[in-house]
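Quick notes on the structure that follows.
Chains: A, B, C and D, in written order; residue numbering restarts at 1 for each.
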Amino acid sequence: MNVGFVGLGHMGGAIALNLVKAGHQVTVWNRTPEKAAPLVTLGARRAESPRQAASGDIVISMLADDRAVEEVVFGEKGILSADAGAIHVSMSTISVELAERLAAAHAETVSPFVSAPVFGRPAIAMAGRLTILAAGAPAALEACAPVFSAIGHRVFQLGETPSAANLVKLCGNFMMMSAVEAMGEAMTLAKSRISPEMLFDVLTEALFPGPVYETYSQILIDAAYKPARFGALLALKDMNLMAAAANQSRVPMPLLGVVRDHLLGAIAQFGDDVDSSAIALVVERNAERAA
Amino acid sequence: MNVGFVGLGHMGGAIALNLVKAGHQVTVWNRTPEKAAPLVTLGARRAESPRQAASGDIVISMLADDRAVEEVVFGEKGILSADAGAIHVSMSTISVELAERLAAAHAETVSPFVSAPVFGRPAIAMAGRLTILAAGAPAALEACAPVFSAIGHRVFQLGETPSAANLVKLCGNFMMMSAVEAMGEAMTLAKSRISPEMLFDVLTEALFPGPVYETYSQILIDAAYKPARFGALLALKDMNLMAAAANQSRVPMPLLGVVRDHLLGAIAQFGDDVDSSAIALVVERNAERAA
Amino acid sequence: MNVGFVGLGHMGGAIALNLVKAGHQVTVWNRTPEKAAPLVTLGARRAESPRQAASGDIVISMLADDRAVEEVVFGEKGILSADAGAIHVSMSTISVELAERLAAAHAETVSPFVSAPVFGRPAIAMAGRLTILAAGAPAALEACAPVFSAIGHRVFQLGETPSAANLVKLCGNFMMMSAVEAMGEAMTLAKSRISPEMLFDVLTEALFPGPVYETYSQILIDAAYKPARFGALLALKDMNLMAAAANQSRVPMPLLGVVRDHLLGAIAQFGDDVDSSAIALVVERNAERAA
Amino acid sequence: MNVGFVGLGHMGGAIALNLVKAGHQVTVWNRTPEKAAPLVTLGARRAESPRQAASGDIVISMLADDRAVEEVVFGEKGILSADAGAIHVSMSTISVELAERLAAAHAETVSPFVSAPVFGRPAIAMAGRLTILAAGAPAALEACAPVFSAIGHRVFQLGETPSAANLVKLCGNFMMMSAVEAMGEAMTLAKSRISPEMLFDVLTEALFPGPVYETYSQILIDAAYKPARFGALLALKDMNLMAAAANQSRVPMPLLGVVRDHLLGAIAQFGDDVDSSAIALVVERNAERAA
């Protein structure tokens, strides 16, 4: 297929690469153009603007935050201005409110809109094994299948409301951070009587199998809070998006409050480059003698 | 083996039954003696006191709370007064502090002490498929093997400090309740855009496999808060034991605070017979128009 | 003095009226012009734009939120475009971040900037008895004295950084809401044994004199949650501004989280028109049998 | 009057001294008898047991915690065993549940029971200026008047249910700690833009007059967390009594949870001898770079 790709950061670059490798005709755009070079070497074409990238069958955007998405979509020479019928697949982790504005704006054009945020870090993206949460019109989702199969190993279809996919993505991250908070509190309480290793060996085997508990319990056991896998700043961004949705929907979420406070504490205490799992370190430090 | 059994409630009765079925010579005692009748019919002997139940190779106690355990252990004609060398296996979910007092008290006798709390509801106990968390002297743990194999399908050996097993059990229950809280908050936020069923189908498959998330997400989807599987009163008891341990060890645990408050709310709002998962219902109700 | 006034809502209208009564030459502007009519009758002049209102000695703005302030300041024909040397006195309760942008933007003009948010409801404003929190350049603050004396009974000078005044205002509101939360929790716990009236009579007399505890304890005693004095929506706005500042400064504030969650709950459960003190009602309802 | 006095710690010793000075005939008992010596020098008589101290018109008990009160009341040769008609005035800060057991136990004797916990530190007690919260039978309260006037400057009569007085006392301490928490969060957020001194000068003068805010804001301004005035351990004891009452009454109290967690943190981080106001220091430290 003719696929445009906007946003070549760690995630976007890896995804675009898999599209090129899968034989799609890929046209790429990035705010800092040098990031496109390796892809161009492999056969991708360079677009002059997001609008130009949106002139094929599909255009995918994968950017850091709401503001960046707003620029490439609504800006002059933005994706929306192409209005050429390309399906816009938004993979960024953005606010529910922006997803709704994007859906509404595309509904006034000939270009369908699909939200397709993903679970998975850059290494998973590179391996083409992302989990894709897709929502939008059935025909548009169907048309995306060849693209999704090149970049992910599983696609969940979440209905026709694009913002639902964004919300599920945010809920997933919230539940991950909640699990880490619970592990951090349990570990801190138990460590005078039992090692974190033994504690989590039992609990992951008996009650909590699966990637989240296994990955994060190992990070906590190893105190491997740097370098970050999923940085505290990124996690804070997501939890702030959750809080914005909760504010809009009038939903009190006290556990979200605990997680956000501990992310703020992690960043304040250990720096911008700390892993999101350092919320467990915040918990531990609160129970330890100050130097 | 010659096994005494003290405490024939829902859990204890089921465990004792499996011991009888496995061919052990079981001597039972219960505060209200009529509960012993079915076991006696099947071949168990009736003890006149906890002390008498503690005259064999092993005596197991499985009771509702700290107070009940204190009575059968430290009381007149209590287990400790037998001092006949029987290994005392305490399966009750009790406080870390009581586990330590029990270990200290037995250390002054010839009778070894093993903590062996379990994961699993009465139906699991009946099926002989409990998960057993055992801690105590290696020789004592080894001697318990034939008994454990009759009642559980998995035994985790957690070292020589009996109270460590109690702490792991409590941490497991805390992490379960934390997972339910996270699910309840996510479901409440998301439900205007996506059904709980679709939300949890995705998240349990993509991120959170295993019995806890699968069981509880189904309860939340079905709003099946009564009858209780693991009642809110029992969960509150356990969370209070966690809080007592946290108080003793000076560990701030804000997520534990959220869970406890929501259990109190669940009991106040929906009655003593509600399931512990109704903490999710407390979350939902806080975001809904009052009648 | 020649005073421009932008924003004639409940608060702004009352303040402008006192300026007219005090003999100042007042030029008013409001987005919906009819609100200016009563003031014009009393001698005020009508401005065609915020810019025109900013052509005298001082221009005061008193608006609902950040967005409204941004429009009248940065918009076409906005206050900033006058650049005629008038001191801009911003009395709105706005974000710290916007106060900083306003200060920076005015610093590039000949027009000084003063932040002067107030404590006091419309009835207090009408009586000319507001408490004014003022920060800005000393000369500008001095020049504002005749204006401040017409509208308030007390002025606190908070240094040269305008945003400091906004922050103190927000902190004051946060501490008020925190006091109400504490009263609500205490009342709910105690009410089975002692009436709210007796409880608060003792505690305000013995420990907590002053307007906040006296006013709010009476509201709680009377369950007078409607009509609103200081509405939950306004309080939520302020707490969200606090949360934004806390997020920017990386300050975990768990008590702020409790207050925000209960304001969300109050709005969800009792409607947009409920008083902010209904956070106490949220607390009570969480401890009561559901219908 | 003939007054017995049981418990001569910092508070009890000061109160007993004022009774002696006021001309009452005072008979004292303390677990460690040497503490009675200075009072005996001034004319007090020494009792051999709490029972003997309870043989006059009134017997006052002032002890550290529930356990100590239980011993001197219910123990062999305890106050209750006197059963000689002396009014028992319990001034200790104890649990609501124990106050109810004491009231019930005395109701079966000829000795009336009055709960009369106080607000005030040892220096205030020494000055005879305590605030007394008294509840019990009207005749008993009336009979206590001469004693109360010797030790306090204000008496609040809180009805006939003794435990109501204990609950009001606990609620007062909870509201104090809540105020400190609010101040600590506000100060931490604001300090990059405004000094704690200026912040609290404004807020105590404009909104929060009175002893609690004035005293504690000064402690926070001076960072005077040691030596303790009202120690974190004592405050934690009181908050745990609140939590026990909340648990019994099924009242979720999230702000109480925040305060307790921060007291645990203060003790863990800064030691057993830190002031309760160090919960503000816990807040600050969570927002600061770790060493």
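Here is the rule we use: contacts are C-beta pairs under 8 Å (C-beta built on N, C-alpha and C of every residue); 3 or more make two chains touch, one makes a residue touch a chain.
The structure displayed is predicted, hence computed values, not measured ones.
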Query: What chains touch chain A and also chain B?
result: C, D
Message: Once the contact rule is applied, which chains count as partners of both chain A and chain D?
response: B, C
Query: Counting C-beta pairs in contact, which comes out ahead: B-C or C-D?
result: C-D
Task: Please name the chain that ends up farthest from chain D once chain centres are defined by their CA atoms averaged.
output: A
- request: For chain B and chain D, let me know how many angstrom lie between their CA-based centres, rounded off.
  value: 38
- line: Rounded to the nearest Å, the gap separating the Cα centres of chain C and chain D is 38
- line: Cα centre of chain B to Cα centre of chain C, whole Å, reads 53
Field: chain C: positions in contact with at least two other chains
entry: 246, 250-254, 258, 261, 264-265, 268, 286-287
Field: Contact set on chain C toward chain D in their complex
entry: 96, 119, 131, 133, 154, 156, 158-159, 161, 163-164, 167-168, 171-172, 174-176, 178-179, 181-183, 185-186, 188-190, 192-194, 198-199, 201-203, 205-212, 242, 245-246, 249-256, 258, 261, 283, 286-287
Query: What residues on chain C touch chain B, complex-wise?
result: 254, 261, 264-265, 268-271, 282, 285-291
Residues on chain B engaged by chain D in the complex (per definition of touch): 236, 240, 243, 246-247, 250-254, 257-258, 260-262, 264-265, 267-268
